[in-house]
Amino acid sequence: MSDEDLPNLPEGLEPITESLFEAPPEAEQERMVEAILFASADPVSIGELNARMPHGADAASAVQALAKRYEGRGVQITRVGEAWAIRTAADLGFLMQKETVETRKLSRAAIETLAIIAYHQPVTRAEIEEIRGVSVSRGTVDQLLEMEWIKFGRRKMTPGRPVTYIVTPGFLDHFGLESARDLPGLKELRASGLLDNRPPPGASASDGAGETEEQEELFQEEDET
Amino acid sequence: MSDEDLPNLPEGLEPITESLFEAPPEAEQERMVEAILFASADPVSIGELNARMPHGADAASAVQALAKRYEGRGVQITRVGEAWAIRTAADLGFLMQKETVETRKLSRAAIETLAIIAYHQPVTRAEIEEIRGVSVSRGTVDQLLEMEWIKFGRRKMTPGRPVTYIVTPGFLDHFGLESARDLPGLKELRASGLLDNRPPPGASASDGAGETEEQEELFQEEDET
Amino acid sequence: MADADGADGATDEQIGGQIDGQSTEVSERLAAEALIIDVDGYEGPLDLLLTLSRTQKVDLRKVSILQLARQYLAFVDKAKELRIELAADYLVMAAWLAFLKSRLLLPPDPTDEGPSGEELAAHLAFQLERLSAMREAAAKLMGRDQLGRDRFVRGIPESYDRVRKIKFTATLMDLMQGYARIRTKDEFRPFVMDRESVFTMEQALERMRELIGYAGTWTNLMTYLPEGWETDPAKRRSATASTFAASLELAKGGHIELRQSDMFAPIQIRTLAT
């Protein structure tokens, strides 16, 4: 509860709620976030942190403080979309042969498809095929869906209302990205117009414009959070 | 690997291994232990830590230093038998529980008991039983007490000085009543048509009036307390 | 991008072979084998074009689409000559590039409303550049510190217990109904028709069927009321109504006849002699 929510009381009168649900001190909140994040293998959202911490706690600022404290340590407090997780520092990966997970080797087609989805999201299968210049096999998309690196976005407002694909928080977590906006080289690609959906000459331009807007919106959404 | 394993070399000759595998600085060793303990699926022994860390590292002292660093934090470096692991600080165990609240309707016995207390307070258990015509289980009363909808009133000035029950402000709050007197009387209940019953034969306004009077008296008493 | 580089090298040789033209049969056969392998290695015609464009060793934006089209068409011709089955995609692209080539070479037809050769060429260049950019982006992505390879999750996650807490609740209505239930429990029962003082038509019909045989002469209907139902007004009302209704039913069936001499006069019945 924020201070604004408390009723204005005459001086000397403590509101009962305050004494019942007093927020723990900041250092204590940091310890709590630390304990919860350490306990979980999956990223934990600020909302869930707040839900699990005592009333009045401010998980968002506790996480920030904690992240600072762990700078340069063997484990890092990392942001994954709307959530936070603890991951070992990348430079220590060599110590972890034992923990290394053998991931299925992705085909070149799967890797390219994944990159196209990440950089062009939300993107339809037809758009992926246009970019790659070759049809996308069902297996490729299914594999990425199964790995939970991509998921269905909302349908496109074009004839046939095709489904779109977007990347998941799991994708961000896997590649150590705070948000889709942190994709390597995204800014340069956007600046050079290579992420624009440029329809072939002669085709109607209306589709493309709408798409770009939607895309803008998606990355914007990421930005705001 | 301990020093004893190194070959004895003539003085002035540095063993090659030493320069190739120089032990990392202490802070770095601490980071390594931190990452390994974090990522390992089982507690890790000092021997295994040493085996996994670069040559020349001293896991035992790195663990000690790390344990010190985590003193008072949300997680602790804990010894588990011969091995070491990261564990949630004991005082934060409560964060590892998720409470799910399930709402259920109060049992008929509890509702009736509660109603009698509300309409007849202060009322003894014997009186409740007389009115309900069945015995009141201890669990029912305990449940209402636990919910903080009823509480003990003062003892009755009758032989045995039995305890009485009255409703709480929490009860009034839940049912949106200013006071127990706001509860509609029997006549009103009947008049409102909420009750599928006929008035008792020959019934009588007087009967109802008497009841109300009696109640009024009781509430009066309540007020005084 | 080691793979792509490898493909580049192979293509260089193969293009070289084509340009040399008259080489020995052996080298031709070797080139043919290289082609088969390479066609398998390409991910579609755009990929092949991208690879071919690399041989121009210039910025993708400055690639000569005309030269690229020639290279591609030469490739396809060579493949045909060597009887390599090319996927339809490749042939469609070949046809389109042949069209583009003619557009680029011939002076523009003022009556043609379609996109110009330059526009088409620019779009192809854009597609190639975009594909190339996506490949680089994919490589950068895969080069990041990956989870399970470079970065690791907690090895001993502590699953947290779910504690189920039951919260009981009741409404004011529950409370009032509960109270009313107790206070009126002696009389309280669900609201149903009071069967006690109701004599149903079925009961009346059954009773009259038994008695009707004896009614050879006109008899007052009221004498058919069951015993004990004549005095209590409620019972009498119910029994009268059902007995009358039953008599109508019997009359309808042709078992009896009814008569009434005057308004409010007694109703009389008798059996029909059958």
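A, B and C label the chains in the order they appear, each numbered from 1.
In this text, contacts are C-beta pairs under 8 Å (C-beta built on N, C-alpha and C of every residue); 3 or more make two chains touch, one makes a residue touch a chain.
This structure is a prediction, so every number in the text was calculated from the model and none was measured.
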Centre to centre, using CA atoms, which chain is the farthest one from chain B?
C
Most central chain, Cα average position:
A
Hey, how far is the Cα centre of chain B from the one of chain C, in Å?
42
Inter-centroid spacing, chain C versus chain A (mean Cα positions, whole Å):
28
Cα-centroid distance, chain A relative to chain B, in whole angstrom:
33
For chain B, which residues are shared contacts with two or more other chains?
35, 38-41, 86, 88, 95-96, 98
Mark out which residues of chain C touch at least two other chains, giving numbers and ranges.
152-155, 158, 160
Interface residues, chain A side, partner chain C - complex:
38-42, 76, 85-90, 93, 96, 99-101, 103, 108-109, 111-112, 114-116, 118-119, 130-135, 173-177, 183-185, 189, 192, 194, 198, 200-202
Mind pulling up the chain C residues that touch chain B in the complex?
152-156, 158, 160-191
Seen from chain A, its contact residues with chain B in the complex are 30-36, 38-39, 52-53, 72-75, 86, 88-89, 92, 95-96, 98-99
If we count contacts the way the header does, which residues on chain C are in touch with chain A in the complex?
3, 43-47, 49, 89, 114-116, 119-120, 122-123, 126-127, 129-131, 133-138, 140-142, 144-155, 157-158, 160
